[in-house]
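Each structure below appears as C-alpha cells.
Shared between the two complexes below is subunit A, which pairs with subunit B and subunit C, respectively.
And now, the complex of A and B:
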C-alpha cells in the first residue's frame, strides 16, 4: 500500500481520504512508529514526511468518513468505540517511540495533497507544539471518595457540627426533625469542603512533580463507572522517563487513602491536554 | 504495600472508555478549513455520546436500548417524529393512517 492511491476517487466524489492521527518528528519514520489497527482496517497506518514534520495517517473510505454519514455513525456505540480505540492505539504505539502531537478524532483530508499542504502551511505552529511535548507524556490522575469513608476519614468535627449534635439531642418531635435536617446539611457542607480542599491539595502536589497540569470536570458516576463521587480529574504533562511523578502519586495515594480517598493513575497518554486546541495563523 | 494499594498503582490498562473518549473526542488539535468532516457535528454530540457510551454496556446487559428512543441520538426516532406529524396531518385531513406505519 502506498500513498499514491490518495487521489483515487469514484465519479461521485467519494473514494479515499486521509485520516490524520497526529504529527511527529520526521526521524520517527525510521522507528517503526506506524502500526495498526487503523480506523479503517483496509488501510494501514503510514508516516508521511513533509519538510520538518511527519504525519501519522492512514487512508480511509470517504463512504464511511464523510460529513453526511458521520453523525449517524457517531450514534452507533459499537462503531464509535472501535474507531475511538483505534485512534488512541495508533497514537499510543507511536508514543512508545517518539513525541506525538495528537489530533482530535475524525480529522480527515480529501487527499494526500491537502494533508501535505496543511502540514506545510501550519509548519511552524506544529513544530512549536511538537517542541513543547518532546520527551513528555500525559498522565491522568483521578480521585474518588465514598461518602461514608470520607466522613470517617474526616475524624474530628467542627464546633458547629458538635453544637448542632447537642441541639438534636435536646430537641423532640417536629423540632428534632428540623434540627436533624440542619445537622445533615452541616455535615454535607463539611464533606463538600473536604472534597474541594483535598482536590486542590492533591492537584498542587502533583503539579510540583509535573511540568504542567490541568483540571478537567470530574466524571459523573455514570461515566466513571464507579459509585463513589469523583473529586479530581486531572491531566499532567510529565517527562516520559519520569520516576518523580510516579513517586509523588504513590505518596499521595497512601496519604489520602487514610482519609478515605482512592487515587487512580492512568496513562501514559499522548499529550491530548497539552497541545493547542486550535492552530492560529502561521 | 498491601495488595489493594498495588491494584491502585497498576490500574493503568486497559484504559477505561470514558478516559479515552474524554481525550479523543474533546482534546487534541482541531483543524478547520480544507477538511472534509465538519467537527462541529462532533462537538454538539459529545455530551450525549459520553452518556450513551458510559451507559451502553450496562444498558445492554439490562436489555435496554434507551438511546434509540432519544431523538437527538437516533435518526430513526427523528423519522418517527416526522411520521407522527404526518399522522396528525392525515388525521386532520380525515385520512386514517394505515396501522402498519405504527411501530
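And now, the complex of A and C:
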C-alpha cells in the first residue's frame, strides 16, 4: 500500500504524520463529523475510510509530534492543555453524530499507509469495540462527602460508639485521653464504613440505569480540587438518547444529599472507559 | 475565595476530568508503527501535582504493573 502522504515533507524536513483521534463507522464519512480545531491547526480533521471502518484523524507536523521533542512539549502545561482540549473537542463533535471509539492522546502514525494498515490489521477488534459503544455515551458520576456533614447524616450511632462515649465520660486523666482516642478511631471506622456502603449503593443504583459501569479510584482532594473527600469516581455507559440515567442520578442526588453526600454528573463523554485498553492480536 | 480563584478552580477541575480520560483511557496502540508516546511515563512530569496525581491513580488501577519508572 502506498500512502500518498508518506512522503510529505514540511519546510523544515521532518514531514507529516497522522494523528488518530478515534475510529468510527464508515457511514460517518460526512463533513459533519470532522471539525476542528485539530491538534495541529495547520491541518484539518479528516475521515479516512478503510474497509468497514473509518479513522477520525488529522495530519500533524512530525517536528512537533515526535519522540525527541514530545517529552519537552508534554512538560509545557500550556501546550499540553491546548492539545488535550483539541483532542477532546474533535471527539465530542463526532460523538454528537455517530459512535466513536476514542484513542488515547498522542496516537501518531508516521504515514497514512501505516494508519490504514493498522485499521486493516485490527479491523475485527475495532469493529467489535465500535459495536459495543454504538448509540451510547459515557457519563461520569462523582460523590463527595464532607466529614462533618457525613457524620451528621449518619444520625444514630452504633452501640460500640455509644458504649465508648460512656467510657470517655467515666474516665479521668490520662485514661480519659486514651478512651477519647479510641472513640475517635471508632467514629473514623464508622465514617469509612458509611463512605464505602454509600459508594456501593450509589454505584449499584446507577448500574441499573446504565448498560455498563466502572469504578475508578477516588481522586485525592488536590486532584479533585475539592475539600471534601471523594467516595465514588464512576463512569457509566448509557444510551445516548435516554433520560433514565439522568432520572436515576437526580433521585440519588436528592436522597444522598440528605445524608451529607454531594453527587456530581459529567458528560456526555466519548466512551473512554468502555473501549479495550489494548487491542490484542487479531 | 475570590471570583477569579473560583473560576480558575473550575477551569482546573474540568481539565482534571479531561486529563484523567484523554491521557489514561481510550485505546492504546503499542508497537513499532506508532511513535509509542503512549508508553512513555513522561506525560506525568508536566503539570506537576495534577499529572503526578493522575499518574498515581493510573498505577493504582494497573496494580503497579505499568513499569517504566515513577514518572517523576
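By our rule, the second predicted complex is superposed on the first by the 271 of 282 C-alpha atoms of A that agree within 3 Å, B and C clash if a C-alpha of one lies under 4 Å from a C-alpha of the other, contacts with A are read in each partner's own complex, and residues count from 1 in each chain.
Here is the rule we go by: a contact is a pair of C-beta atoms (placed from the backbone, for glycine too) under 8 Å apart; a residue touches a chain by one contact, two chains touch by 3 or more.
On a predicted model such as this, the values are computed, not experimentally measured, just so you know.
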Superposed partners subunit B and subunit C on subunit A - clash or fit: clash
First (subunit B), second (subunit C), both or neither touched by A:188: neither
Touched partner set for A:254, first subunit B, second subunit C, both or neither: first
Partner chain in contact with A:262 - subunit B first, subunit C second, else both or neither: first
Which superposed partner A:128 touches (first subunit B, second subunit C, both, neither): neither
Which of subunit B and subunit C A:42 touches, first, second, both or neither: neither
First, second, both or neither for A:85, with subunit B first and subunit C second: both
First, second, both or neither for A:63, with subunit B first and subunit C second: neither
Subunit B versus subunit C as contact partner of A:272, first or second or both or neither: both
Contact residues of subunit A, present in both the subunit B and the subunit C interface: 17, 20, 22, 65-67, 70-71, 74-75, 77, 80-81, 84-85, 87-88, 101-110, 114, 117-118, 129, 140, 216, 219-220, 222-225, 266, 269-270, 272-273, 275-279
Subunit A-touching residues of subunit C, taken from the complex the two chains share: 9, 12-13, 15-30, 33-38, 40, 42-43, 45-47, 49-50, 53-54, 57, 60-61
Sites on subunit A touched by subunit B in the complex: 17, 20, 22, 62, 65-67, 70-72, 74-75, 77, 80-81, 84-85, 87-88, 101-110, 114, 117-118, 129, 140, 216, 219-220, 222-225, 249-250, 253-254, 257, 262-267, 269-270, 272-273, 275-279
Complex contact set, residues of subunit A against subunit C: 17, 20, 22-23, 65-67, 70-71, 74-77, 80-81, 84-85, 87-88, 101-110, 114, 117-118, 129, 140, 216-217, 219-220, 222-226, 266, 269-270, 272-273, 275-279
List of subunit B residues in touch with subunit A within their complex: 5, 8-9, 11-12, 15-39, 41-42, 45, 49-56, 67, 73-75
